[in-house]
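Both complexes below contain chain A, partnered by chain B and then by chain C.
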Partner chain A sequence: MRVLDQLVNGLALGAGYALLAVGWTVLLGAARLVNFAHGQLYMLGAFVTWWACTALGVPYLVAIPIALVAVGVLGAVMQLALTRLVVEQNIVSLMLVTLAFGYLLQGSAALVFGGNPQQIPSPFSSQNVAIGSARFTQQDVLIIVAALALYAVTFYVLSRTGIGRIVRGVAEDPKLAQLYGIDAARVYLGVFVFAALSAALAGAIIAPRSPILTSIGFDEVIITFLVVVLGGIGSVLGNLVTGFGLGFFVALFGAFFPPAYSMAAAFAVLLIVLVVRPEGLRIR
Partner chain B sequence: MSVSELQVTPQRAPGGGEKGGRALPTAVRVLRWPALIVLGYLVPVLLGGSDRIYAAVVLIAIFAIMSYGIDVVLSYLGEVSLGHTLFWAGGAYATAVVAVKYGWGPLTSLAAAIGVVTALAVVLGLATIRTREFVFSLVTYAAAVIGLTVVSNSDFLGGTDGLVGVPLLALPAVGGQYVARTNAEMWPIAFGLLVLVVALIARFRRSRLGVTALMAQMNPQLATTLGVDVRRTRVLVFVLSAPIAGLAGWLYAYQRSYVSPDLLSAHFLLFMLAAVILPGRRLLLGPLVGAAILTTQQELFSFGGDADKIVLGGVLAAILLLSPNGLVGIWHTITRRSG
Partner chain C sequence: MSALLELVDLEVRYGRTAALHGVDLTVGERELVAVAGANGAGKSTLVNAVAGWSRGRPAVSGAVRLDGADVGGLAAHRRAASGIVLVPEGKGVFETLTVEENLELVRPPRKAAGKRYSVAEVYEVFPQLAARADKRCSTLSGGERQMVAIGRALRAAPRLLILDEPSVGLAPRLVLDVLRHVRELVDAGLSVLLVEQNVRATLEVADRLYLLEQGRVVASGPAEQMRDDERIVAAYLGGLRA
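Here is the complex of A and B:
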């Protein structure tokens, strides 16, 4: 049955969208930093995983931590360059600088990794799981489990722990938080590295579903925007719900219309939501 | 938007000439713009007049007009529109569709281009009317990328191959037609349009709308108190900026004789942003200078596609991190230190 297949597909797609968005929304909520290079960090996560698998010959599960470390270090370097702008809350310059960083990363990745499409050799992509008539791969299960686990951890840390209290404090009022002895610059660094790591993780485990190109970052970041703006900025649960909602929407739309237009249709939904509810769907 | 970024002194803003404060002899003041226009027109001749030079200056003129489109929004409204490639590509695609498929002439295709991009800008402007600061940028960016996927997959628009065979630009002229067969013959048209656009921007900077936009950028609360409809101003300026980018797209379709989805790529977005920011925002001739610097690098000193991406991204990031006021800001720092 086609609809059941698409629902299962939508579950995996939606988990992927949510996974890609979680770091970005935490970063935007805590530091008011709009990172347009997020898609390129996802692309680098995918390509470093591919490179470690093929050039170093390590197993897929070992390649993932290598990608995380590489992108995490890059994220730390980026944030150190941006610290002054974040402290000044110069949002216009921040957006433009991250956009420029993204383009720079894309050009560098094309020089290093070449212009050909590549396939990450994940052992889970070939293992099928069947529920009734619907089939999906173990890779899909991995994406869903990783997304749910990461959201659970993020939600717990932000709402129940001391670290979460510090991050929320800095998000609310950085100057006041500093009066209480919190080093806002360090919080920004930590949040940015978390966002970079989550993008790299998303790249490492979502990208094996299809061939990767160094130009994918430009489009991938759009999904993040749709999820975050629809779900409400900084709302972790809202993002999880809209991530899955968007996944089902794209999967079902693709079953009946040309799949190439599914993102355009999702964007049309966003425009309507913005006219009716500019603050997004915001689920608390 | 930080306040420190907005260092326009009230006396100088907006327009009012570059060094309006200093007393220039009347003759110089009257003659400097005509002199600059004549000199600008002769630039390719002074540089030797080779085909390569003419190709470069025509591209500079086209890309400068394109950059003036986003300049209106970025410099005067203070909003970061990341969707202006949509208007640039929209102008080029509208031109190619009506010229290739329906055989329209350049004047009617210009009307089609302006009409299409204005309609796009009205839809996007009204949809984002209530969004706050960065959501506007996110939505306009998303619009451009969605535009790219739609254009790449549309058979009507030629898919990833684009539309080829845009005819030569043939304008009605005294005693027949003026046909632009080469870049050298294209240059008078490109230069004329560039002068027209700069004049339009100069007029905009002095207009009520231009002043209102600047006020809405610097202090929206005050603007509202003084009876300015900030949202209406935002939409008006946004819609005004679109035909400028569309005009550049129209000319580019004829200059290149084909259109393809690369018009919507990150390259042109980064180019127009860098052309405005590199010299310094809110300068009348800034986007022209920026477009000239960037085009010269790409046309005459290119390192290859991927390395040029690093150059463009690196230049934009470096200037924003080191001197948010652009090259003019660096110049002021140097002169202040030595003086």
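Here is the complex of A and C:
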């Protein structure tokens, strides 16, 4: 049955959207930093995974941590370059600089990895799972499990641990945090690396669903933006719900209308939601 | 006696405007030193410069010495770790965090500077906070927030506690309560630099007082002496204007 197929597809799509958004929403909530290179970090997560699998010959599950380390280091370098702009909350420059990073990463990736489409050789992509008449792959299951696990960990850390208190404090008032003995710049570094890692993880496990090019990433930023704003900036649960909601919406919309219109329709929903609830869903 | 805090020729500018001109000031061990003056005299500018903290972008020159060591080059979070702990005027707590989270959040100094209060000890100082432990600070009254702000400062093991207008927004009968609390802390071994609007109440508890006018120290001395200073009487104790 077509609808059931699309529901399963929507589940995997939505988990992917949520996975893409979690780092961004924490980053934007805590550091008020919009990172337009987020999609290129996703792309690099995918390509380093592919490179580790094909050039180093390591298994897919070993390639993922290699990609995480590489993109995590890159994220740390980016944030160190941005520190002053973030501390001064120079929003316009931040947007431009992160966009510049995005193009730079895209160009460098094309030089290093070439311009041909590649396929990440994940063993899970070829393993099918069937629920009734609906069929999906183990890769889809991996995406869903990873998204739920990462959200659970993020939610726990933010709401229940000392690190979470520090991040929430800096999010509310970085100046005041200094008086608590907290160096906001170090917190920004940690949050940025977390966001980079989550983007790389998303790339490493979502990208095997389809061939990858070094030019991917910009659509992913737009989708992330949509999920984060709809779900409420900094609202972890809101982003999870919105990610899955958007996944179902795109999948079901695609079942009845040409998929080319699905992004336009998703943004129409964004417009309506923001007119009714300017703060987003903000589920706490 | 060598002072715990020593300011030498401290000058603060915002752009081209000087907010503080060559201020010299000391705070000794176990001393409660108050800074008084009209609005805009530079009281907050002064204590913020001591803590290396500001919401604006001041240019600070002159020396800030803690125990003889120049701390003037340290960022605010490092000064906090070295024992100079500021409770700023106005918003001094994280409103989206609970009382207990605010108290837990404080990062312990690397080497214990002064006495480090545990959360339980803060609740002993301010018993009414214990009942509010799980409440977000946005739901607290102004006085309770001030207690959280002072409590978190005690958690940071201050050598010098700086309080900027701790009684703002409090009912008049509570002001002296707060100041007596501060006096008790000093008697227990803390050194305090206090900015306070209510000069009459301040003179009841302070050891010494500096009077600021337009960014300059115009008078200073022991509290009992300042109580009789004409300028203080005229401007703050209402002697001539009554």
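Odds and ends about this structure:
What we mean here is this: the second predicted complex is superposed on the first by the 284 of 284 C-alpha atoms of A that agree within 3 Å, B and C clash if a C-alpha of one lies under 4 Å from a C-alpha of the other, contacts with A are read in each partner's own complex, and residues count from 1 in each chain.
As a convention for this text, contacts are C-beta pairs under 8 Å (C-beta built on N, C-alpha and C of every residue); 3 or more make two chains touch, one makes a residue touch a chain.
Given the structure is predicted, the values throughout are model-derived calculations rather than measurements.
Superposition note: with chain A as the common reference, chain B and chain C can be accommodated side by side.
Of the two partner chains placed by superposition, only chain B is touched by A:Phe218; chain C is not. In the superposition on chain A, contact is made by A:Asp173 with chain C only, not with chain B. In the overlay built on the shared chain, the residue A:Ile91 is in contact with chain B alone; chain C does not reach it.
When the shared chain is aligned, no partner comes close enough to touch A:Ala196: not chain B, not chain C.
Ranked by how many residues of chain A each touches, chain B and chain C are led by B. Within the superposed three-chain model, A:Met43 lies out of touch with both chain B and chain C [touch as defined at top]. Judged by the touch definition given at the top, the superposed model places A:Leu226 against chain B, while chain C stays out of reach.
Shared-chain residue A:Leu11: touches no atom of chain B or chain C. Closest CA pair between chain B and chain C after superposition: 9 Å apart. Overlap of the chain B and chain C interfaces on chain A: none, as no residue is touched by both. Taken in their complex, chain C has these residues touching chain A: 51, 53, 55, 75-77, 80-81, 85-88, 91-97, 101, 104-109, 152, 156. Interface of chain A with chain C (complex): residues 162, 165-166, 168-169, 171-173, 175-183. On the side of chain A, the complex with chain B involves touching residues 28, 34, 36, 81-82, 84-85, 88-93, 95-97, 99-108, 110-111, 218-219, 222, 225-226, 228-229, 233, 258, 260-261, 263-264, 267, 270-271, 274-275, 278.
Residue ranges on chain B touching chain A, taken from their complex, read 1-2, 4-5, 78, 80, 82, 126-128, 130-135, 137-139, 141-143, 145-146, 148-150, 152-153, 265-266, 269-270, 273-274, 277, 305-310, 312-317, 320-321, 324.
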